[in-house]
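A short worksheet on the structure shown next.
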Amino acid sequence: MNFKTFLESTGQKAVELARTAEKVTRETGTYIVVAPQFADLARVADAVEIPVFAQHIDPIKPGSNTGHVLAESVESAGAVGTLINHSERQLKLSEIESIIELCREKNLASCVCANNPGTSAAAAAMHPDVVSLEPPELIGTGVAVSKAQPQVVTHTVNLVRKVNSDVTILCGAGITQSVDVAAALKLGTSGVLVASGIVKAKDPYIILRAFADATKQ
Amino acid sequence: MNFKTFLESTGQKAVELARTAEKVTRETGTYIVVAPQFADLARVADAVEIPVFAQHIDPIKPGSNTGHVLAESVESAGAVGTLINHSERQLKLSEIESIIELCREKNLASCVCANNPGTSAAAAAMHPDVVSLEPPELIGTGVAVSKAQPQVVTHTVNLVRKVNSDVTILCGAGITQSVDVAAALKLGTSGVLVASGIVKAKDPYIILRAFADATKQ
Amino acid sequence: MNFKTFLESTGQKAVELARTAEKVTRETGTYIVVAPQFADLARVADAVEIPVFAQHIDPIKPGSNTGHVLAESVESAGAVGTLINHSERQLKLSEIESIIELCREKNLASCVCANNPGTSAAAAAMHPDVVSLEPPELIGTGVAVSKAQPQVVTHTVNLVRKVNSDVTILCGAGITQSVDVAAALKLGTSGVLVASGIVKAKDPYIILRAFADATKQ
Amino acid sequence: MNFKTFLESTGQKAVELARTAEKVTRETGTYIVVAPQFADLARVADAVEIPVFAQHIDPIKPGSNTGHVLAESVESAGAVGTLINHSERQLKLSEIESIIELCREKNLASCVCANNPGTSAAAAAMHPDVVSLEPPELIGTGVAVSKAQPQVVTHTVNLVRKVNSDVTILCGAGITQSVDVAAALKLGTSGVLVASGIVKAKDPYIILRAFADATKQ
């Protein structure tokens, strides 16, 4: 669950949302990761036991990098992994590879986001832990990639598997209903990347619980 | 004091360094601001009463901005201002203006960094609270701008004052000795921006105290 | 006249459009500058005697800068000036200043584009030859800045004049009618920056001639 | 041969250098491509019959893209292909994929540069016509990648072949001697990407001819 920079997932609300996710994990056994903003990482990681990811880290070593995000810094705050190259925070090819390598060294989980089948395959060729397909034109629309573009998901799974047999594959964008989650799993992914569908929901618990139940079918 | 992304100013060490700065403020009455990494903002702001700045914020509103830094987020963590356009995190002109405007709305202090007299004047023309001259070629060298390039500082003060009569002017880069601080003030600035000179010092307290004393002469 | 990357102003069509502008200049005495794409600069500059600008140059010296635009290169192709920081090709503050300086050294005319009054003042503080206000939200809309936002143009002229008494001020965005041109001049600018209004016109000559005539009233 | 932005390969000198390359092609039958600056494309393509590449194109369609490089524009100037993602003009992953796709549509040859084995594999997974390994730390040093880091070239060839059986593989950086060219071919590449080694040579013909002869051994 990507918290993005919604007010509904900033500060104390980030902590509450993470607790909701933890509750659903406890109730259903579903593996849920939360990715709050940098300034909320420590508070969230202190409050819950489910895995906490950063939304981005920079391809840097400790030193003179004002305003950048150091792997050691998010780690010290309690993050155990990071999103990389989200469509809202896209990176150069060499930066993506460099961050994947950095994550490997630091034992952080790496989840590279990609906008289409071709870039998903390219991401997979660099052997991150997770590749997540997210067509940017569907993000925040409520039109789920797994429902609206099932052939894109299938094509992505095929291209990724040709170059990488064991990377975990997720998909996201527009996921707002539990049937979207079930559809994503049927198409060969191992889970979904969600944001506004839960963060902006009236009752995030109900949606998240429904999503978790959908993964059990 | 800019904490950059040094290991010596990450996590718990950021908190200790901020406490050292607070101690010097209490002892000398000098106005010291600390700018830790995003993930350390909350811990530092909880630990000290001196002002805490972010090292950067993005020109965004709440919403879908994965991996970006929201003003509301750093505010909620306890920041009361931000560096903008540090030479290590340079921004487009329209972004700088947009962030200054955002700071004005949010009542955050805005400190725009600039690399030479011309860009300092341009920054001042957008009416931030502070303009800080930092020639990037001197950063981290131990060769102080106020000692090595006094005419650059003077020229900056003159150009800035032509377009803005009340903005606070700082300078930085290479400042490692208390005489560098005294020199900066004599050249017409109101203070200095420092980083490695203190963060990487064997005993940051001694250096910081000497800097603070130098402002009293 | 900014040719942008319209097909109607690419290759041989760029040459024809420039010849149309030259014809209007000869007929009316109006000062018209054309800014074709990089690959068309030489052909256009060979074909006409009116001034030819690049749409952008990079802040670089000769050397290892694959894929960048060298001042010497556009000069050798016949350009006598350049647009800088167009809203579709925005630059960091230090890059803008560096390009203005480069233009001064090379005797190229510098026209810095800015998106609002604040950034226009900042641009003017760096002393380019021309500052051009272009609110990006109006570009290509047919809603002219000089008609729809006269107070923005007036405010820009006022802020710019506070920091720079002799820079030439233009405005642009949405200019499609000769009354828009006349309005721009009445508001205190010295001319307009136009693109689609002429490039995409059925008969560019008729529009351009009407614009030229409007400057004489 | 990448002309970069050297003065020795700007304007009329670009034409002369391209003629030298054409001469060597005629004498030896070696396949040589020249990549001059945007503003020189038309002049060079008019002067020689060997293939001319752009050094970069942007992932854009015709329209409002001031200061960008349109595929149709370089095509109209005579280019038949383009470098993509050179280490001096790096691009986001999605941009690279988008440009490869654009080249496919426009029948332009696509040569993606990559800085190491991992990014070379990622580039290959997007099926451009050519992948070229260029470790940026060796560019312009005279220390040839094929001599100094043979295992990096071999590793690149292996990783690329795992994900793409037919892409053409080149390598470059530091290539200044004919033995470097021969070494590159022995390591499994099909050719080299060169720039300063020839452009800055006292007599480019002699070096280029020696390189061409080295490919025949």
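Just so it is clear, A, B, C and D label the chains in written order, and each chain counts residues from 1 on its own.
By definition in this document, a residue touches a chain if its C-beta (ideal position, glycine included) is under 8 Å from a C-beta of that chain, and two chains touch if they have at least 3 such contacts.
Not measured: the values here are computed from a predicted model.
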(message) Please tell me the distance, in whole Å, between the geometric centres of chain B and chain C computed from their C-alpha atoms.
(response) 36
(request) Would you kindly tell me how far, in whole Å, the mean C-alpha position of chain D lies from that of chain B? (result) 43
(message) Two-or-more-chain contact residues of chain B, please, as numbers and ranges.
(response) 87
(request) Based on the touch definition given at the start, go ahead and assign the chain network to line, ring, star, complete or other. (result) ring
(message) On the basis of the stated criterion, which chains touch which? Give every pair.
(response) A-B, A-D, B-C, C-D
(request) Would you tell me which residues of chain C are touching chain D in their complex? (result) 2, 4-7, 10-12, 35, 37-43, 55-56, 60, 62-70, 72-74, 76-77, 79, 83, 86-89, 139-140, 195-196
(message) Which stretch or stretches of chain B touch chain C in the complex?
(response) 85, 87, 90-94, 96-97, 100-101, 114-116, 118-119, 121-127, 159, 162-163
